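Beneath this line is the structure, given in structure tokens, with notes to follow.
Per-chain numbering from 1; labels A, B and C assigned in written order.
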Amino acid sequence: MAELTRGGVGGFLARQGILVAFAVFMVGFALANQRFIAVDNISGVIRSSAILGVMALGVTFVVIGGNLDLSVGSMMSFSTIVVLDLHDKLGPALAIPAMFALTLALGAFIGFLVGYLKLNSLIVTLGMLSAIHGLTLTWSGGKNMDIADKEGTWFAIFGQGEVIGIPVPILIFALLAVVLSLILGKTPFGRKIYAVGGNGQAATFSGIPRARVVFLTYVMSAFCVATAGLLQASRSLGSQNTVGQGMELEVLAAVILGGASLLGGSGTIFKTVIGVLILGFIQNGLLLVGLEFYVQYVVTWVIIILAVWLDIAAKRGRLLSPIA
Amino acid sequence: MTKETILKQGGIWAFIVVELIFFSVAGEYLSVSDKAFMDFDNMLLLLKQSAPIGIIALGMTIIMINGNIDLSVGATFALSAVVLLDSMTWPFMAAMGDWSIPLAWGFALLTGVILGAVNGLLVWKTGVDAFIVTLGSMLGYRGLVFMYNGEQPTSHLNWTLVDFAEAQFLGLHTATWFLLVAAFVLWFLMTRTVHGRNAYAIGNNREAAVNAGIRVGPHIMWNFVLIGFLASLSAVVFYSESGSVNPNDGMLYELWAITAVVLGGTKLTGGYGSIISTLGGVIAIQLLRKGLGHIGADTETVNLVIGLILIAVLFLDRQLNRKGKEELKI
Amino acid sequence: MTDPIPVLRLEDIVKTFPGVRALDGVSLSVLPGEVHALMGENGAGKSTLMKVLGGILQPNEGQIFIEEEPTVMTSPMHAKAKGVVFIHQELSLADELSVAENIFLGELPLKSMGRVDWKKLYADTDAILKTLNVGFDARTRVGDLSIANQQMVEIARALTVDPRAVIFDEPTASLTDAEKVVLFDVISELQAKCVGIIYISHRMEEIFKMTDRISVLRDGQYRGTLITADTNEDEVTQLMIGRSLDLSRSASEHELGDVALEVRDLSCGDLFRNVSFSVRRGEVLGFYGLVGAGRTEIAETIFGLRAPTGGKILLNREEVRITSPIDAIRHGISLVPEDRKAQGLVLGMNCRDNMTLPQVDDLTAGPFVSDGAEVAIFDQYRDKLDIRTPGWRQTVGNLSGGNQQKIVIGKWLSMRPEVLIVDEPTRGIDVGSKSEIHNLIRALAAQGYAVIVISSEMPEVLHVSDRIVAMFSGEVVREFTAEEVTEDSLIQAISGIRGDKVA
């Protein structure tokens, strides 16, 4: 019924608000500074958004499944440090799979706690944020990690290379987005994630193994984090222990901006990508018009609140909350 | 008091005792220093160091009892600190000499109150979940910190202020006094006043509270004002002494505060929790930091241990509340 | 005392929701000192009427009078201030707070500095509790009380004002007999104080014992008021149901097949004990009992949602171990759950995805879900069950209750189960769809399904079942065949008055 009554321009705005906002932004910045829509600028934005974007793809799975993941930032630091450290010890060919295995193990641990033990995901991932940070510091001994021979390694290809003129990070982000979008939107597993997040009890009553589905969303998330760590490490070939600090909330901001509900059961990979790009282009646009990078924080704040507010206002049919 | 409440409210204090014994004994064998762990000065210092996060955690307790959460406290803390230190350099303030101190405190506290009120108003009027509102303002307020003074640290040392902050009264440091007084006032608020009891009622059964005519919206807003005030009070306490604030200061404070509150046994779903237990949670965390340092563990290990303890507490809580085999498996 | 002024009078109340006329000109008056029963089937409009009276909903038409003064109710608080208080079936208490705090929630007595005046609070509370003669005091934490005592707290809350009218909504649903006596005493005392009482209940026995007059709602319409002393259960039932012909018993005419499901001495902790029964192909087995008698829990145990503490489940005469719904589904057992919105459907999903949810793993082409296969299943069952929806893309939350229920039934039929358990098949469904669903259940049995129907509505159980299992307090009391069952014997069985126990 709601869908039917929400026709016309207003309904379109309510449903596709985030795309409209995105378009308005792009046009506004383009008018303010022509460089904004130059190909190399756009490519640069996507490239610098790729790490955040890859993480956001994974978190989208977790959020649609009805949970939160606040540990991705600190897990990304872990992956970065581990792969850099192992690079010199084992060589890149072994370091990468080893790092993926360790990161996936962390994701599996979280998935076990939230999925099978049914512990509150906010607190579990909050605890893991701290625990993994400790793990990273222990691994690195608190020191920065650098690759010894920065010139002579093929490892840099993931973060710095280009294939047919397209930067590799963009390719990886795009490829992952397409694959994950297919998994979420087209496979039985994806359908189950929506069911579990939309109504976990009904999913159980329909014979869906809720615990396993939740578990797997965290493993997916960890896989994305490991990929992000790889990109980060490869881009800079050296890193601090805190490289991912604070990213968990930026990632969540992108996912929410894309319109996924924190209650679970809604959102798509495509919308998350839009959310990521909006954050990236805002940052870039503000820089281009001569504002400092931190102005984007304030702008992002306003956009997130407005986006979520308008979304629920459209659903309840009035702007202000009815609570007295 | 039933056995269950003793178990729940005494848990954190028992944990503190275990920590004390463990670190004292382990310290005999492992300690890198000759000093005993339970050294009196050491304990006093511990209380003082607990104060900044502690004061914020007290406020977070009320927010969480109310059934909400506040992720923006770290940024509020930083912005208040910037206002505190910067305001003392304003020409008319500088001209006032030491009389500028109370005024600077006032400005800083006002900053916290305003930021809290903005959060509260948004939660009340938009109906957007507090998690999202404060996630947004965490970014936004941090942006304001940067906009204030760029990426430069803001510094101003006022020796009168430093003296005050380093003073000890009845053996306790100024910061400790702030923590204890704040804890007492908030304990009084939550256990003795109508506002406090309503906070529990709203977190426990919001619909019942609404039906009983409690004005939930303004109530929630006042609690956000309160936590804003406490975040800036924490900044006042800390930066009076240090005199210099980096724009990234206070990051992750929200997470530490939430950790302390959860360790203290406050329910995430709201309606249950206590100020005193949060104080216990704060002390337990600080004890763990110091203790691990005392027995020569890397400081890095602290994060690992605290994170795992947080999860363990959650697990224990769930096991205690299980209904047994007959439970519906959903 | 000729023609006393009614304490409360409703006149021609109309309340419409999009597409539904929930209340259609309802009138009702309650005299001082009267206990006035309000009866009607689930979905007849009782709760909507109470929400209008409590100011939670505003009527589209009509007027509320309190002592003949026109009044617009704006909120439950406002109603309370006007002397109209509610004792809800679903308790509305903060269980971490004390009894006193709950009773005076929202109006705690104040001292200086915003402090609670505990002394006055406890004194006032104890004074009220004393009149109720309960065994707990003002300082007790509400979460530590039994359900019955929590209900007493609700009642105490009503007494903080001088009430003119008190509405009891299914007050005895979770009370033991001894607790009921206390409740009835409280009602009598209120009566003596000339308070008007609206008493909502399904239990005829209580209605005839406690009330002075009975008003009946059906399909949102006022069907009349009877004087309790001058009427009987049949007359009331007639008013409530309207078409007794529709619900005549209808035992199967087709041949019954082999035993599909058998349960032997199944127990689950305190929830139910030593339950045995069997159901054959082509048969409808009804489960009847009060809320809390353990019927739903049995279904949940058979479906693998609860771990049994004893007993066996046999399918086609072979013992099976079922530890999860996945096991149950694999063995051909399906459950249409009691709470459609919480357990049956993912409301935000579309019709098709909800219907194919349990078998989505099997509807694939390569690694992906096959759109064609899904739509084919949806179309098949939409036609078969006559589901009215604009299309499969429609969000399930936007459908009517009856169509939602058909989606759930379709979901399980498409799995081709051997045993179909339907818990409260028509809860919250309009009358038209009700009989459709009843016919559907009969038709399924005729096609050879073994069907178990759990219901709280006696006419429903009598109408659809070939045999009926009566439960009381976690135990099977008696099993009836369609031929031998009578309403009286069924009521006696489920109220704990034992007849001959049939194994």
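Please note the rule applied: a residue touches a chain if its C-beta (ideal position, glycine included) is under 8 Å from a C-beta of that chain, and two chains touch if they have at least 3 such contacts.
Since the model is a prediction, treat every value here as computed from it, not as a measurement.
When every pair of chains is scored by its C-beta contact pairs, the maximum goes to A-B. In this assembly, the chain whose C-alpha centre lies farthest from chain B is C. Spacing of chain A relative to chain C, judged by their CA centroids, is 44 angstrom. Once the centre of each chain is set as its mean CA position, chain A and chain B turn out to be 29 Å apart.
In chain A, the positions touching at least two other chains are 201, 204-205. Among the residues of chain C, those in touch with two or more other chains are 305, 324. Shared interface positions of chain B, i.e. residues touching 2 or more other chains, are given as 329-330.
On the side of chain A, the complex with chain C involves touching residues 1-3, 182, 186-188, 191-192, 194-195, 198-199, 201-209, 265-266.
The touching residues of chain A, counted against chain B in their complex, run 70, 113, 117-120, 122-124, 126-135, 137-138, 141-142, 200-201, 204-205, 210, 245-246, 249-250, 252-253, 256, 262, 292, 294-302, 304-305, 308-309, 312-313, 316, 320-324.
Residues 18-19, 303, 305, 324-326, 328-329, 335, 337, 342-349, 353, 357-358, 360-361, 363-364, 367-369, 394-395, 398, 411 of chain C are the ones touching chain A in the complex.
The residues of chain B lying in touch with chain C in their complex are 2, 192-195, 197-198, 200-201, 204-205, 207-209, 211-214, 271-272, 324-330. Touching chain B in their complex are the following residues of chain C: 75-77, 92-97, 101, 105-108, 110, 113-116, 144, 268-271, 300, 304-307, 309, 324.
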